[in-house]
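Okay, so here's the structure we're looking at.
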Amino acid sequence: MTDELEKNPAEPIRVGVLGARGRMGMEVCKAVDAAADLDLVAMVDQGDPLSTVADAGAEVVVDFTTPDVVMDNLDWCVNQGVNAVVGTTGFTGDRLERVRGWLAGKPGVGVVIAPNFGIGAVLMMQFAAKAARHFESVEIIEQHHPRKLDAPSGTATHTARLIAQARAEAGLGPAPDATKDEVPGARGAEIDGIRVHAVRAAGLVAHQEVLFGTTGETLTIRHDSLDRASFMPGVLLAVRAVRNRPGLTVGLDPLLD
Amino acid sequence: MTDELEKNPAEPIRVGVLGARGRMGMEVCKAVDAAADLDLVAMVDQGDPLSTVADAGAEVVVDFTTPDVVMDNLDWCVNQGVNAVVGTTGFTGDRLERVRGWLAGKPGVGVVIAPNFGIGAVLMMQFAAKAARHFESVEIIEQHHPRKLDAPSGTATHTARLIAQARAEAGLGPAPDATKDEVPGARGAEIDGIRVHAVRAAGLVAHQEVLFGTTGETLTIRHDSLDRASFMPGVLLAVRAVRNRPGLTVGLDPLLD
Amino acid sequence: MTDELEKNPAEPIRVGVLGARGRMGMEVCKAVDAAADLDLVAMVDQGDPLSTVADAGAEVVVDFTTPDVVMDNLDWCVNQGVNAVVGTTGFTGDRLERVRGWLAGKPGVGVVIAPNFGIGAVLMMQFAAKAARHFESVEIIEQHHPRKLDAPSGTATHTARLIAQARAEAGLGPAPDATKDEVPGARGAEIDGIRVHAVRAAGLVAHQEVLFGTTGETLTIRHDSLDRASFMPGVLLAVRAVRNRPGLTVGLDPLLD
Amino acid sequence: MTDELEKNPAEPIRVGVLGARGRMGMEVCKAVDAAADLDLVAMVDQGDPLSTVADAGAEVVVDFTTPDVVMDNLDWCVNQGVNAVVGTTGFTGDRLERVRGWLAGKPGVGVVIAPNFGIGAVLMMQFAAKAARHFESVEIIEQHHPRKLDAPSGTATHTARLIAQARAEAGLGPAPDATKDEVPGARGAEIDGIRVHAVRAAGLVAHQEVLFGTTGETLTIRHDSLDRASFMPGVLLAVRAVRNRPGLTVGLDPLLD
């Protein structure tokens, strides 16, 4: 089969899943299986040989495994010329550099590594970064189930940093705030100068609101995520795009433009 | 004119305003003037004699003056048999007792003293107190313009206390919260064990949200106040009710049932 | 075992579930099982004899079956002196009368029949009915998943009727609305004169917002239901209360006061 | 005065206002006056000669007049080499072409014509258009005061068209909707296939929510505008930018990038 045929949109893309018996992996298998333009050809987990993937003729591998095996998996994929979409965590700058090195020797292969496959969350952060320089005030309110250990959430912290950077670039100083008399904690945590409030309550799942304000108006960007399945549209987007994006792509942003 | 005729709903109620040139007083004058069932018969401010009110035959006086003159005003009204609706601040338990004493000698006269004439805010607090014992989780998020000096707002603090009391009566312990790793302030202020978050941003006016949560569901009660005029429906409600409520009524709650 | 002992709060309440293999029945079994003060003593479904419940000494039966068997189940429960909590649909006025008749002959037995066990939804409707007469404007916005067949939802329709009744009792006319130029449907459906808007979108579950407005302020009551489990706190509330409520109780409202 | 000096950011920009006694014009005068980097040098209204503007050395003119005089104003401004920021309505394609013709002969002059100077509203539309192709479902809920004549609002209609176009370009079909049993109007108006709901209530000003949904998640973009002053940041943004944007700029979008 030639490259041309492989990328023919009429032919389903052949997909293998690594970590297929994990919580995320099982969701990926279901989602790939349900998509008319994708073919689930290999499901691999601990103990299964990676060669299963090659034998099945997978063009794209989705990896939701663990930080201790993901680098070996990726090394093998790049070597075999199999494109990869990776949701496994733990990618430091050093690890990303090593992946870039492997890809340099395999110009046709694409790898997408994303810390967050929620399209809604990624767009929320993009929009927040863009709106940031046009509003004198901004605060973040994130809301999660009460079993969460950290406050604020990683997404809220990341959003605050993006906003702080955009404000700095636009020459904006601190947001106006005349508070003189504060019960400790009332005004939230400060992340790079941005106020972040973390709400925890039974009945919530994962929600975030970014509130921008200026004279006489506010703009609110809100994301509500109800279950793990919300990552699947992002994973499938990456699966469909990775064959046409040789080299390393970090984050979902470039795929959303 | 007999009592019976005076309370005839077909006759407009004759209303005098004390503090008529203040910001709230002017709004009251406008609102009374615009109501078909009310007659604005006297507008009194600093320097004007109170007798103007009696001369005009006012049945109800609305007082938005200052803590240093309001007690004299009320003493005079009760003595004259004029009912009063009071929005002036500074009513301590001691002051309320003195008013009760005056009224004891004038069984036909009614006085309504309310710290908050916003019907929406009062209903929000009532509903929050009622919902409190049915949900394991509850948090308050209040949002105000950035010129506000205190955080959280007085209304948020008062709401938190009502909720805490209702939870205690229902035998509810603390809301579930697994937070281990908190950036200081992220989880808000604690008022009687209830978490309260205060957001400040340009473009906001005065808003409050009470979020209740239990397994699989949340209930949110939200109040948005856009301007001073929002107190007028509550003032008019009290003006219409006070003649039929002899004695002292504190707060708008009893008038809303 | 005497009545006194049976109602001792220190003793777990013995609970049987009818329709135990249905979707709701399974949730009830899980919820009863997880509650420290309740004992799941019988799980009955199609083909199992009702006597299982009696043999197991159940004090309360929860019935999530079907309209064609629920009346026989209830007849049997009342005869056996077993209290019942019923979530099965299809209770017409005629059916309720028949249940009342059975209970008349068994003064110690209690039955709770509720069309909606979501505590949040029931409180939302209570609060909406109470707020209705204090605001000149009100509209309902309900939001559901796109597989829903009816628009608006039954809960929204019921809420609209409660509000319309409260407004009529308070002598309120139609809400102000100057709309002259309307794209058909923009202003929603009219249920007893109340505007109701039905939003359908992937990613939603079951949500409803009741928006009240008057001069300068709005009050919003919002309910978000994320899964079937959200009915369980209401079911357990009824299970705990039914032994102390002889006769027929319709709806969750009386149990929430 | 040379070009270099004129555009020196240290020198305040000299601004004239046409329609200075109109509602919007008065707001513009206040806003220009309050900005440290702008100088209000001319206030012109009906009956005043346009030469006042030239005599005062205005570099930028803001025009909030009426459709019947705005073309003459613009013709004069371009001829005099004065940059213009125009909020007056009524600009058809034909009118825009005529302005482009005038500007062709004056390469140094800039004109910004915008139907909406609310930065929040413009960003909301930009973000909505961008998110549109990533979500299978989308609906618009706009909320306004009850004195509004049209439903849905012009902004909602415009947003719906932008979304419909983005969906078409992305090859998305209609959003999923299983509704079989609809009370007429419940599902809103249809604008280019997009469902739009218009809420009208006392206490509201001007609000719009765009709700996007896909498997397990929703993204909401909400804009709240509380008063006319909310247009001022957008007007000032244009005033500051127009001298560096020769030719015709339509809409605020290009200035926000």
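Per-chain residue numbering starts at 1, and chain names A, B, C and D are given in the order in which the chains are listed.
Operating definition for what follows: a residue touches a chain if its C-beta (ideal position, glycine included) is under 8 Å from a C-beta of that chain, and two chains touch if they have at least 3 such contacts.
Each chain and its UniProt protein: A, B, C, D = 4-hydroxy-tetrahydrodipicolinate reductase.
Here the structure is a predicted model, which means the values were calculated and not measured.
Path length between chain B and chain C in the chain contact graph, taken as the least number of steps between touching chains: 1. Counted by C-beta pairs in contact, the busier of C-D and A-D is C-D.
Ranked by how far their CA centres sit from the centre of chain C, the chains are topped by D. The pairing of chain A with chain B is characterised as same-residue: of all residue numbers used at this interface, over half are used by both copies.
Superposing the C-alpha atoms of chain B onto chain D requires a rotation of 180 degrees, rounded to the nearest 5. With centres set at the average Cα position, the gap from chain B to chain D is 40 Å. Computed from the mean C-alpha positions, the centre of chain C lies at a distance of 48 Å from the centre of chain D. Our note on geometry: chain A versus chain D, Cα centroid distance of 34 Å, whole angstroms.
Shown for chain C are the residues that touch two or more other chains, namely 135, 203, 212, 214-218, 224, 226, 230. By the touch criterion given at the top, residues 203, 205, 224, 226, 230 of chain B touch chain D in their complex.
Considering their complex, residues 118-121, 123-124, 127, 130-131, 134-135, 212, 214-233, 237, 256 of chain C touch chain B. Of all residues in chain C, only 135-139, 141, 143, 146-152, 157, 175-191, 195-204, 211-218 touch chain D in the complex they form.
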